[in-house]
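Consider the two complexes below, in which chain A is the common component and chain B and chain C are the respective partners.
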Partner chain A sequence: MKTILECKNLCKSFGGLKAVDQVNFKVNEGEIVGIIGPNGAGKTTFFNVCTGVYAPTSGEVWFEGKNISTCEPDQIAGLGMARTFQNIKLFRDMSTLENVKLGFHIQLKTTLIDSIFHTKRYRREETFAAEKGMEMLRRVGIEEYAQMNAGNLPYGIQRKLEIARALALGPKILLLDEPAAGMNPSETMELLQLIRDLNSEGLTIVVIEHDMKFVMSLCQKVLVINFGQKICEGTPEQVTSNEEVKKAYLGERKTEKARVRKVAEHA
Partner chain B sequence: MYILEQILNGVCQGSIYALMAIGYAFIYGIVGLVTFSYGEVAMVGAFAAYYAFILFGNNLLIGCIAGIAGGVVAGMLIYKFCYERFLLAPKHIAIICTVAISQLFKSLAQIYFGTEVKPMASLFGGKYIQLGDLRVTYVQILVLVMVIIMASGLSLFTKKTQVGMQLRAVAQDKKAAALVGIHVNRMALLGNCIGCALGGTAGLLLAVYYGNVYATMGQAVGFKAFSAVVLGGLSNVGAAAVGGMLIGLLENIGIMFFSANYRDTIAFVFMVVVLIFMPQGIGTKKGYRQ
Partner chain C sequence: MKRNEIMQKISGGMQQVKSWVMRRQRLLLVFFSAAVLLFPLISQNNYLKGMLVKVMLFSVLTTALNVINGYSGMFCLGIAGMMCIGSYTEAILATRFGISFWLLLPLAGLTTAVFGLVISIPAIRLKGIYFSIITMGFSEIVRLLAQNWTGLTGGAMGIKNIPHPSIFGMKLSQVNHYYYIVFAILALCIFTIRRIMNSKVGRAWLSIREDEAAARSLGVNLLRYKALNFFVAAFWAGVAGAFMAPYYQFIAADMYTTNESFNVLSMLIIGGQGTMVGPVVGSLVSNGLSELMRPFGDWRLVVYSVIIIATMWLRPQGIAGSSSGALTGRKKKRRQKENLRKAQRLEVEV
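Right, the complex of A and B next:
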């Protein structure tokens, strides 16, 4: 299997805090990979470094055999890596459809001159973006909200819209940061199905999620991060039976004093 | 009929301030920083138009192009010096840079264009239309028409074109914009230049309206545009325009009661009052986070 995303000794520090510490990690084409870890473990920072929001302090990120450690976020998006955010980042004062259309712009070739003079190309591409945009909205099942302001949508719908916008980029890999947060159980089931469908069409997916059932039923491979470090990687079964992971989630059977000391060591 | 005339004057001046306020709010929205060099952008636009009139005869179209071009060039320089390297740095760095570049522009203008007040070409030779008791000069009509064209042009541009949509996206969320593949720095440059084009046009209109240009003309109008934008709630373009119009009207109605010497005082006292009683501006919902 071909590797699509690879992190080599990836580190990201904020002052003295090592948010991501020496993480080695590979994602193969066509996989669904889960990233889990306690709150504040560095999962989102890991995503941010991969997508170029932060430059890595040291180490490298490789995407499809290209070193993208120093690339800007918009370049990385152009290469085919799309993502959603834990705290939703939509263009709140635009309509749902406009949000998705913005995702398509990267694929369009219309220039400013075209749009001022309404050339044939402009009209063709504008129709293309509108039609494709509606298709994306149907895909995630929110087409009835197309004309509403994104900021006024219910929370679960905003999450879906973020996925639709990411899909509009035509990505090869999709990074989802807690996509099921704030969704009710039936919405979560729909999302699960959507991710499976997308994956069966060949899209590689990396997902951060707190809902264990969600991760365990969805992912072929799971990466566990704690205090910025990779503590385990493997199939869901391997991960759940791993001692380190149990410790990270359930704590150790030690005195309170030892726990405090451990926290202090890591801080 | 003195009051009607003053209201007409107020509307004309107010619409120039509104045009500047629109450009200013546009820049604030896209770059995310207040600028203190905007008045000098207007000054550069006015001088560009002044020299264009001298070189090419009193052709309004060429004057407009020169004014806009002057604004855009000034905008590019401001972007290069103040924003390009400092977009992610603490905000005060870029803001102090804009103060510096404003002084630089002003001083260079005094060196190269001279310190004296130069008479602007009279485009219409004082022609006017008599509407009942009210006398509407061609210059006033020009001002109103230009402002309406520029403002609605900008509105159409941001709503109907893809580039406009990308600009709005950058204004709303830079991080998300970058991650849908929008080149945020390029958009910041473009947004700054568009805002400055409006500033340059406003400079041209000011010069034509008052019939003169001088190197320090940008100072007061720059701060009035800033007041208008503060009144409107910083990034709200529509409310900024209303703010500009209000300041123009207030100034001209104010000088009926006080002396004309207090023109600027009235505008700035008004701003202080607004800051005390309505610090969030008229265009921002309470509790809405920028």
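Right, the complex of A and C next:
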């Protein structure tokens, strides 16, 4: 199987804090990979380094056999990596459809002159963006919101819109940062189905998620991060039975004696 | 009445006016254009015509500033510098080489646009107030150059006797002529910017205003689009400056102080950032008010500023505005953030 995204000894530190620490990680084409870890483990920072928001302190990111460690986010988007954000980042004062149209930004070649004189290219590309944009909205099932301001949409719809916008890029790999946060169970189920459909069409997906059930039922491979370090990688079954993972999520079992001693110390 | 109630009443009223206007957009546009076009034929009042020329001139400048402040969300304080370059380009080339006004209009625009592009290279790498300071500094540098480079610009004496434009051998020196010229410039300016805003380029500018991180994640090259933004704004500011030179017949560096930048900025904020009509409304209200206040004599500026403060207090997004620009949208953004937080709290409870 072909590797699409690879991180080699990836490190990112903010001053003394090592947010991502020596992570080695591979994503193969056509996979759905989950990234889990406690709050503040460095999952989002990991995404940000992969998509070029931060330059890695050391280590490298490879995308389709190309070293993208020093690339800017817009260049990386141009190579075919799309993402969504944990704290939804929509263009709030633009309509839903216009948000999606921005997803086609790279594909459109309209220049300033084209737009002033309404040349053939302008007309062709605007119809393309409008039609394809509606198609993307239909894809995630929110086409009835097309003319609404993105900032006024309900929370779950905003999440879907972000995915539609990322899909408009026509990406090879899609990075989803907590896509199910703020969704009710039925919306989560729809999202699960959408991600599966996209994957069956050949899109590689990496997803950060807290909802264990979501990750376990969706992903073929799971990466667990804690304190910036990779503590485990494998199938969902392997991960759930791993001692380190249990420790990170549930804490360590303390003997009764130790607990009593600790209480006494605090008193 | 509490401030909130007043605000609600006003915004309710404005909503009604707005929806009424929106429904009859075309008709109103035709009606106003016709009225503005026919006015000089009917009226002999040169004072009023001169006023309207000024309103339209500042509408062009405010529209240019709106491209930067309203659409891409940067906070430019240097519009006077751009105007200055446009004016001096026109004045110098017209007085020394006798080049036609009609050729100089786009030429001055392009010169200014190129200067705008150059200054944008350091400026757009910075954000917020640092960007503003650079643009302000640029504007002052241009003004001081104009004041002290006596060989080129006439120094503190300025440039006098700038020739009137002519067409087919007819000299255009009447107020009426300038009235139609500036009307054409304003119409063309709004027309082009409107078209740009409905394209990929305009969307990219708006996306930069709304969320830079998201824009970059979709492949928008921030530096390129911000530079382009500056280019377009500087072009129209330069054209407006080039119009000023023959209209006033005399230009000097002290017409382009930072005061002038703030003047244009206040028109933009009063009218409403990020809208097409906002700049025109702002220019009309601001210029109109300062003329109407003449009977107050020395108190003119005080009354004027009180009215402006009241406008800002009651309608922070500007008279015609609804969207969030660099300055006016803060309240709205705060409200949106609160909503988001509420939603997240709900989610935790669930």
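The rule is simple: the second predicted complex is superposed on the first by the 253 of 267 C-alpha atoms of A that agree within 3 Å, B and C clash if a C-alpha of one lies under 4 Å from a C-alpha of the other, contacts with A are read in each partner's own complex, and residues count from 1 in each chain.
Methods note: a residue touches a chain if its C-beta (ideal position, glycine included) is under 8 Å from a C-beta of that chain, and two chains touch if they have at least 3 such contacts.
Predicted model, so just to flag it, every value in this text is computed and none were measured.
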* After lining both complexes up on chain A, report clash or fit for chain B versus chain C. => clash
* chain A residues in contact: does chain B have more, or chain C? -> C
* To do: Applying the touch criterion given at the start, work out whether A:E72 contacts chain B, chain C, both or neither, answering first, second, both or neither.
  => both
* Quick one: classify A:L10 as touching chain B (first), chain C (second), both or neither. => neither
* So, A:V245: does it touch chain B (first), chain C (second), both, or neither? -> neither
* Check whether A:Y155 is in contact with chain B, with chain C, with both or with neither, and answer first, second, both or neither. => second
* To do: State whether A:N184 touches chain B only (first), chain C only (second), both chains, or neither.
  => second
* Structure fact -> Footprint intersection on chain A (chain B / chain C) at 51, 53, 72-74, 77-78, 82-83, 85, 89-94, 98, 101-103, 105-106, 108, 110, 112, 115-116, 126, 165-166, 169
* To do: Flag every residue of chain A that touches chain B in the complex, lowest number first.
  => 51-53, 72-74, 77-78, 82-83, 85, 89-94, 98, 101-103, 105-106, 108, 110, 112, 115-116, 126, 165-166, 168-169
* Structure fact -> Per the touch rule, the chain C residues reaching chain A in their complex are 192, 195-196, 198-204, 206-207, 210-211, 213-222, 228, 232, 274, 323-324, 329, 336, 340, 343-344, 347, 350
* **Parts of chain B lying in touch with chain A, wherever the complex brings them together** => 160-166, 168-169, 172-173, 175-184
* Structure fact -> Given the complex, residues on chain A that touch chain C span 51, 53, 72-74, 77-78, 82-83, 85, 88-94, 98, 101-103, 105-106, 108, 110-112, 114-116, 118, 122, 125-126, 129, 151, 155, 165-166, 169, 181-182, 184
